[in-house]
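Chain nomenclature is as follows: A, B, C and D, assigned in order of appearance, with residue numbering initiated at 1 for each chain independently.
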């Protein structure tokens, strides 16, 4: 019965890809706490030392929010995906590779901004963060691109606009992070941080397909 | 068949939210061990150095217990939830954000109390812990609030008292951690630690809906 | 339909307890790698520095093996468990608390033995490891005890000997780790390490219920 | 009903082995980011310090790619496995033990190559990486060997060539990593790194059974 085998195969494939991805998202998001260090301080100076690492808290919020939105988006995608081919696995693994790496630029940004808010190190740090965050968006572009090329990977009931909107939102994200990086490098690093924190909020509030959105779909 | 699609959508949504949340809880609880460091010591001084970091062990117990109770509570909630809207996702993600961060104040408390049990740093540390722990309770308040506003998110069989009791217990938790923080700041930090360790035990023993509770339900 | 509700409740309860436990086991076992540090060394001295940390490798093997056997055992238990009450949750959470902590004594043992194989620090370290490992066994004793007291938590098809054998094996493990600790403290720490490495192998090879065991059951 | 019991047993066994393995893979792959440290640097020197740790980025790519391919392979295997015996558990646990350890040689290689690209430490480091990577392949050899010995563990529909091809590919991997290690030790460490990065890509592109491969099977 090759048909049964194929069906079992496909289901299992997306299920385990979801489980593996959920694992990576959950760990990536939780490891961010390692950037919130117990700060070295003189006796009686703990309060001030905790306040002084406010860039680390902003970085935690920005990166937690980003991974959370990625996870929601990923979930919306896999509700609609029926099977995965090699190209879709590649896009998904590239997404996981960049997501898992996000705590690295988060730490670099937090450290650089605690030293000096505007010097060249702070500019390098936000550029690094923006670059990786934009790469995460580009892996989504590749993801939707692959679905567009191979529509048989999707559930046939999926609305026509799904892939088009997703791709557009991903390009917009890559652009937004690039602009944020340029603002951070040429204007002020803190401006980039503001975008890093607000962008996930914007994507969460405007995400489609969630019940309770403006379209009220469910 | 939009109806089938919607049903499939909802089921998958709560399932993946549970999987992602379970992942974060499991990692948050296990990462706490990183606060139990092999202590630096002179030759022959390992035993004393291990004993000297007793606040780290208390912190491990308090935070492990807190996350474990949160997990049980989360599980009780998702047994009753039929679908998630944007607001419920937001409350859940805020809960995960605060839970994942818990090992940070745990480390700060353990370190401050090893240096001095009563100085201003110890008071700052317990205030930080109490603040985050109370924020975790408030994310539960928001969670129940959203369910109360949108009862269609719940399974229709759910007992009437569920949301009311949950919200009440969450407010009580926020209050208890706030009082513990105030006691720690104005009376004695060690008093706060005692509350941090005992509160999860109290919530575990009095949790509703578990077979074997006083009500013997199930 | 209270009956349907209860059934759904029970199934979900054991499923999520398994998922959460699997998460903790998987993380606990993988975090052990953090004890395998890139050793500080002089130029040209990497090879020797890597060899010098052999106690860290033994510790990794011992603790990985222990958690792996715990996971297998846990899996055998949950195949047979139909629902969980508060007491069983408590035993399970105590097991997870001790398992998650295992990398702490593993690091302490590895460090102490790299400094000196027989001094008092090495003896303290193996006593700490033995103590926690024995506590893990005692949490299994509590687990089986609770099942023995509340047989309705088990699948009715479960063989009569299951709980009796499990409890016996858990007591034996607690005894074996205690003896290993005493040997380590009063005779030679290295002797304790040998037991720590071999005990999981023994438990794996003699584990019941696995197809391919001597009883050939499947 | 021993038959029902056995069937339930088998299903649950492979399901939890998959869940536990997925957890370990997801954590192992995400923990690799801990090797991407915020580099110590002088004011204004962040950019250069980030570039100087390029071996850490290569190591991240190599090890992420390796674990990702292992995960895909593992998934292909468990689609076909019907039940697990003790021998298969042993091979799987040995695979997890080596996979979880991979971030250790990754860190050693990255550190050694940042100090000196060709000295004896760099050669020792790549030999360590090659040794562990080859051991991971050998655990796959043991895995397929066990399936070949006990064909009843497999789904009866599985294609005849599956085990033969898998074993061959595993031996080839062990050989390739050994050759890479020898090249690294006797010719140039950087040559070994190139193989470490490219080998997972090769295995991903040539993996069988994925829809979208050259054979177009699905």
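Miscellaneous remarks
As a convention for this text, contacts are C-beta pairs under 8 Å (C-beta built on N, C-alpha and C of every residue); 3 or more make two chains touch, one makes a residue touch a chain.
The UniProt protein names, listed by chain, are A, B, C, D = TMEM175 family protein.
Values in this document were obtained by computation on a predicted structure and should not be read as measured data.
Chain centres computed from CA atoms place A at the largest separation from chain C (TMEM175 family protein). Comparing the contact residues of chain C (TMEM175 family protein) and chain D (TMEM175 family protein) by number shows a mostly separate set, under half of all numbers used being common to the two copies. The geometric centre of chain B (TMEM175 family protein) is 35 Å away from that of chain D (TMEM175 family protein), both derived from CA atoms. Chain B (TMEM175 family protein) and chain C (TMEM175 family protein) have Cα centroids separated by 25 Å. Among the residues of chain B (TMEM175 family protein), those touching two or more other chains are numbered 19, 22-23, 26-27, 31, 34. Within the complex formed with chain B (TMEM175 family protein), the chain C (TMEM175 family protein) residues making contact are 1-2, 4-6, 8-10, 12-13, 16-17, 19-20, 22-24, 26-28, 31, 34, 83-90, 93, 96-97, 100-104, 107-108, 111-112, 115-116, 119-121, 124-125, 128, 150. Remark: chain B (TMEM175 family protein) residues 18-19, 22-23, 25-27, 29-34, 36-38, 41, 43-47, 50, 60-61, 64, 68, 71-72, 75, 78-79, 155, 157, 204-205, 207, 209-213, 218 touch chain C (TMEM175 family protein) in the complex.
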